[in-house]
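Multiple structures follow.
Here subunit A shows up in two complexes: once beside subunit B, once beside subunit C.
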Partner chain A sequence: MKDNGSVKRVIRKEDLTFLQKAYITEIAKGLRLTIGKIFQPKFTHNYPDEPWPFQPSFRGRPVLVEEDGIERCVACGLCSRVCPSLAIEVQASETELEKERYPIRFEINMIRCIFCGFCEEVCPEEAIVMSDEYLLAFYQSRDAIYGKDKLLMSTERLAKRLEFLRENR
Partner chain B sequence: MVTITINGKQYQVDENQTILQAAVELGIEIPYFCWHPKLTVSGNCRMCLVEVEKMPKLVIGCMTKVADGMVVHTANDRVIEARQAIMEFLLINHPLDCPICDEAGECKLQDYAYNYSRGVSRFDETKVHKPKRVPLGPKVLFDAERCILCSRCIRFCEEVAGKPQLHFVQRGDHTTIETFPGEELDNPYSMNVIDICPVGALTSRDFRFRSRVWEMASTESICVGCARGCNTYLWTRNNEAMRLTPRINESVNSHWMCDYGRLETFKFVNEDIRLQEPMIKQDGKHIVVSWDQAIETAARRLKDFKPKEIAVIASPYTTNEDNYILQKFAREMTKAVSIDYPDHIKDGDEDDILIRADKTPNSTGLKLLGIRGDGKKTGIPEMMQAVKEKKIKCLIVMAEDVASDPAYEKVLSNAELLIVHTWSHNKTTALADIIFSASTYAEMHGTMTNFEGMVQQIKPAIITKGQNRALEGLNMSRWDKFGTQYDKWGRGPRRNARPGWEVFSQLANAMGGKFRYQSAEDVFREITEKIPAFKGLSYQSIGRLGAKAPVKEKIGV
Partner chain C sequence: METLIIAFIKIVIVTLVLLTAVAYSVYAERRVSAFIQDRLGPNRVGPFGLLQPIADVVKLVFKEAIVPRDANKPLHDLAPVISLTVALATFAVIPFGNTIQLFGREIKLIIADVNIGVLYILAFSSISVYGIALAGWSSNNKYSLMGSLRSSAQMVSYELSLGLSVVGVILVTGSLRLDQVVLNQTNYLLGVIPAWNCFVQPIGFITFVVAAFAETNRQPFDLPEAEPELVGGFHTEYSGLKFGLFFLAEYAHMIVASAVITTLYLGGWHLPYIDFLDLAPMLMSIIGILTFATKVILVLLFMIVIRWTIPRFRYDQLMSLGWKVMFPMALLNIFITGLLLLIFS
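For the complex of A and B:
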């Protein structure tokens, strides 16, 4: 008979000790490990009741930074240009404020967004950053288009991320 | 001719040229801000510095004439270093607000900063602050901080527009540009300063913040504002016309176009009053119908009229192709003898730069097609008189708002059948029995003949219902290319419109004719065969810059 190499012959250990043969001691050993682990700290997380603590480097959904009640964004359109999945649409308009220009419409299609963070990287005003929010589920595809109402997020809420960006510039 | 050496290669150039002119012609890149081929040389930006052997210092290419045996270096270390220094100087007080600036993307300073600057600034001090958002005139906004003081706009107003309205004030780094006291920048060519401004100091108030330049696609087109037919780029985004800019054509408009043409000749393409679908009148109301229904209804009702009872009004606002087919349809299918077109001449509203008193782009074309001028008295007033007396009972109107004249509005209601082919709701369509929704000049192929007999082409920049940008071969922006029908930017308005040649060919076929044209080019081919004034022309020979027919025909304008 030829051995084709894929068949393994299992050979039982012949030289088991008496205690091993008695079986019960092996069960006790196993239980010791199990019971011992019960009193050690847990690795599992009670998600979603307990939110996961994120590092500031985490890239959640992109948001617009809101400072003193207005967006920092000047609607330059660079995020829209750099977006590899064409998720961002910006329409600029004129404002009386010193920044001259603001987005009258700013929309991110969250179905298209791939969380690459290019928009954040290219933004000359640090106006669009990746937040720590990631819960995105929709019943209608049109609900996935986030306008300014859903995108604005205050600087206080984004403090950690903004600090991280400044440190790693 | 003299022989010069540029970067180690010998060239034969005209001895009256400057180094920069020669380099531009030879395709050797020398950067420049203040020099412009159509303006006098001022030599104040210093960007075109080149090294000429045996000259102690670097010289500016725009001001230095070539000489026999001259040896020029445009890219050696000395020149590169000098350019970097110039760029550093220019950027000292420049605000670097590219994210806000409308010029970004088509800015010379931005391009040169990438190509010729050091990339870093050593300037730690506070920048000089100057006024921003200054309205220089009704159409142009000025940002003094961005200005690099090249003086192109000043020279343009003086030399091309013939109205010196701008000048420098203050000294040193506080120098800025103002209009002369009590004046504003309001000459009819004022918006050309926006195009020639190498930075974003002068921007359009009309186009301000409407779109970034890289979001748009540009299509070569013709301005339909007057008989000059200036060559233009029509910029579109999301199937909407956004702006017009002049396109260089030395034999028509050089580098310029007038403000009227730039602002007033493309907005009607986007307007809400555009006809969306063909319509017919039923019980005093207009109802939307399909093209087949509209054409079939028109064909059926036209058969009730004798040739004498039918009048046809052509239009110098549309193409040669449309008018030729309309004329052919009128002569062959309806046998109508009354065919003419209204003139739109604003006496006195012309100058010797570009603007013409004739406010239509194609009246010469219509004359050459022979729509008017076989000696018969069939002018618009006579036509209207006949409609009033009920001698003419049926009117076919293309692209003209005949009822905008209040005297004619009453007369037109006498007509038993009024067929209108136009692009927007107006007083004539309100009276019409059958309305064909027409493609505008931005949505079709065709040719127009300007007042000098130059036949020029228009191409579609905007698609109509059922069309696809890629399949129609239209120019596309990144958004056009990669967007899907589910994205907003792919969902711009689309009208169910067709050009005149197509509609009247189909109408002729519905009445038993044999009008076999697949495209506007087919129609033009027939025009060149039948009409001597167009002999020898083709879409290929017209190209992007237009062409005159080889046969010299007498053109009376």
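For the complex of A and C:
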């Protein structure tokens, strides 16, 4: 056969023993591997059935921290200013409480939100933090605008995240 | 008349069981291959995904069957039918138990108790190549044709060693009856080892198993459908129910091949050492059927595990293995068996 350069010649290694050439023992070795694999634990995570375990550093959807049934937010509007995608809208009002100001309207457009966490970083009151919720799907775009009713989340529920922030900020 | 009714009942039961087994062997294949690859496999439909085969069949039935414009329509329709029919018909001569006492009659647990059982199996396994060859030719597609050509060449090469390795079994048994083959394996070698043909003639066993893998187009000999090079091989142009028939036929071939291996080499329905226990005949029959089923399932699992152990042979490797190794080995097996029989009897 003419060797035209493009044809690669494969030379079998000559140091195969008789047992290796006979193939049967090699098949048995392969079978030991495959059968052993059957009984090993599987890599797959049964996702919707078993929820994924989150690290406290996970940035889910931003929420307002609710302490003793009332939000910590003082409606300073810093989060709204820092938000790169202009997703947050805050409307302030006065209150008899010690903090004097509170947001009468607080809306995050979840279609615009990019989960950057700037609002959480800039907040002086630790009032807006990133939660571990991430399942956000809407049938209509107006459903994507989350008001205070959907944004409030209790401190107990956010305990891990708040602790993480205190340690790392 | 009475024998006809009994035969009919046996046919219905065996066909139903066989088709269910075929559906579940697909499930077993998917599940076991998933386990070998560190995955979970189908586990969504029903408990542990056990209803998956039903969902698969329903899906295939409702899919559109597309026939290529220039295909030979009658042959294109006929090919999958041949494949499945041949696979199911082969099971007719396989004894899946000894005898059972029902309603005062002694019923043999075999559909067709013919005296040329071994020949029947060989004949039908040769016909199965027609299904694949016709499918490839009638599709008018180069990949299909390549697949079916490979299949024909492979079948011719391996039919020979298949037939020749069975000759060893026939020499030992002295009969072509499959129930005689099984009864001959109920003895014991040296009083302890069951006289299964796989212990009596290991060379013949290996050549037969390898040839059976090639006959069923299973890995490592699945060249007719070799998906990386031939798209889907002979069934490239098939869809819908007709593809489903090919799919079922492949697994029916697997089950029948396991059943034939069990019957010829692994002692059929006989469970070793059970005859020392002196059980009731009814119990013995049931244990026989269960033993047969267990053995077939184990061989089937072996076939599935082999699929993920050995990579596909190249075409020239396949040919040289068939003609330069398997063929002489099978001849050698006949020679040794004949010589030993001549000396000892």
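Definition applied: the second predicted complex is superposed on the first by the 144 of 169 C-alpha atoms of A that agree within 3 Å, B and C clash if a C-alpha of one lies under 4 Å from a C-alpha of the other, contacts with A are read in each partner's own complex, and residues count from 1 in each chain.
In the analysis below, a contact is a pair of C-beta atoms (placed from the backbone, for glycine too) under 8 Å apart; a residue touches a chain by one contact, two chains touch by 3 or more.
Just so we're clear, the structure is a prediction, and the values are computed from it rather than from any experiment.
Legend: residue contacts after superposition of the two complexes on their common chain; A:Gln55 is shown touching neither subunit B nor subunit C. Using the contact criterion defined above for the overlaid structures, shared-chain residue A:Glu94 touches subunit B, although it does not reach subunit C. In the superposition on chain A, A:Ile38 makes contact with subunit C only, not with subunit B.
Here subunit B and subunit C are compared by how many residues of subunit A each touches, and B touches more. Contact with neither subunit B nor subunit C is seen for A:Asn168 once the two complexes are overlaid on the shared chain.
Once the two complexes are overlaid on the shared chain, A:Gln140 sits clear of subunit B and of subunit C alike.
Once the two complexes are overlaid on the shared chain, A:Cys76 sits against subunit B while remaining clear of subunit C.
In the superposition on chain A, contact is made by A:Glu107 with subunit B only, not with subunit C.
Subunit A contributes residues 74-78, 80-81, 86, 89, 92-94, 99-101, 107, 109, 124-125, 141, 145 to its touches with subunit B in the complex. Residues of subunit B touching subunit A in their complex: 98-100, 104, 132-133, 208-210, 212, 214-215, 478-479, 482-483, 486-489.
For subunit A in complex with subunit C, the touching residues are 24, 27, 30-31, 33-35, 37-38, 40, 42-44, 46. Those residues of subunit C lying in contact with subunit A across their complex are 32, 35-40, 206, 305-306, 308-310.
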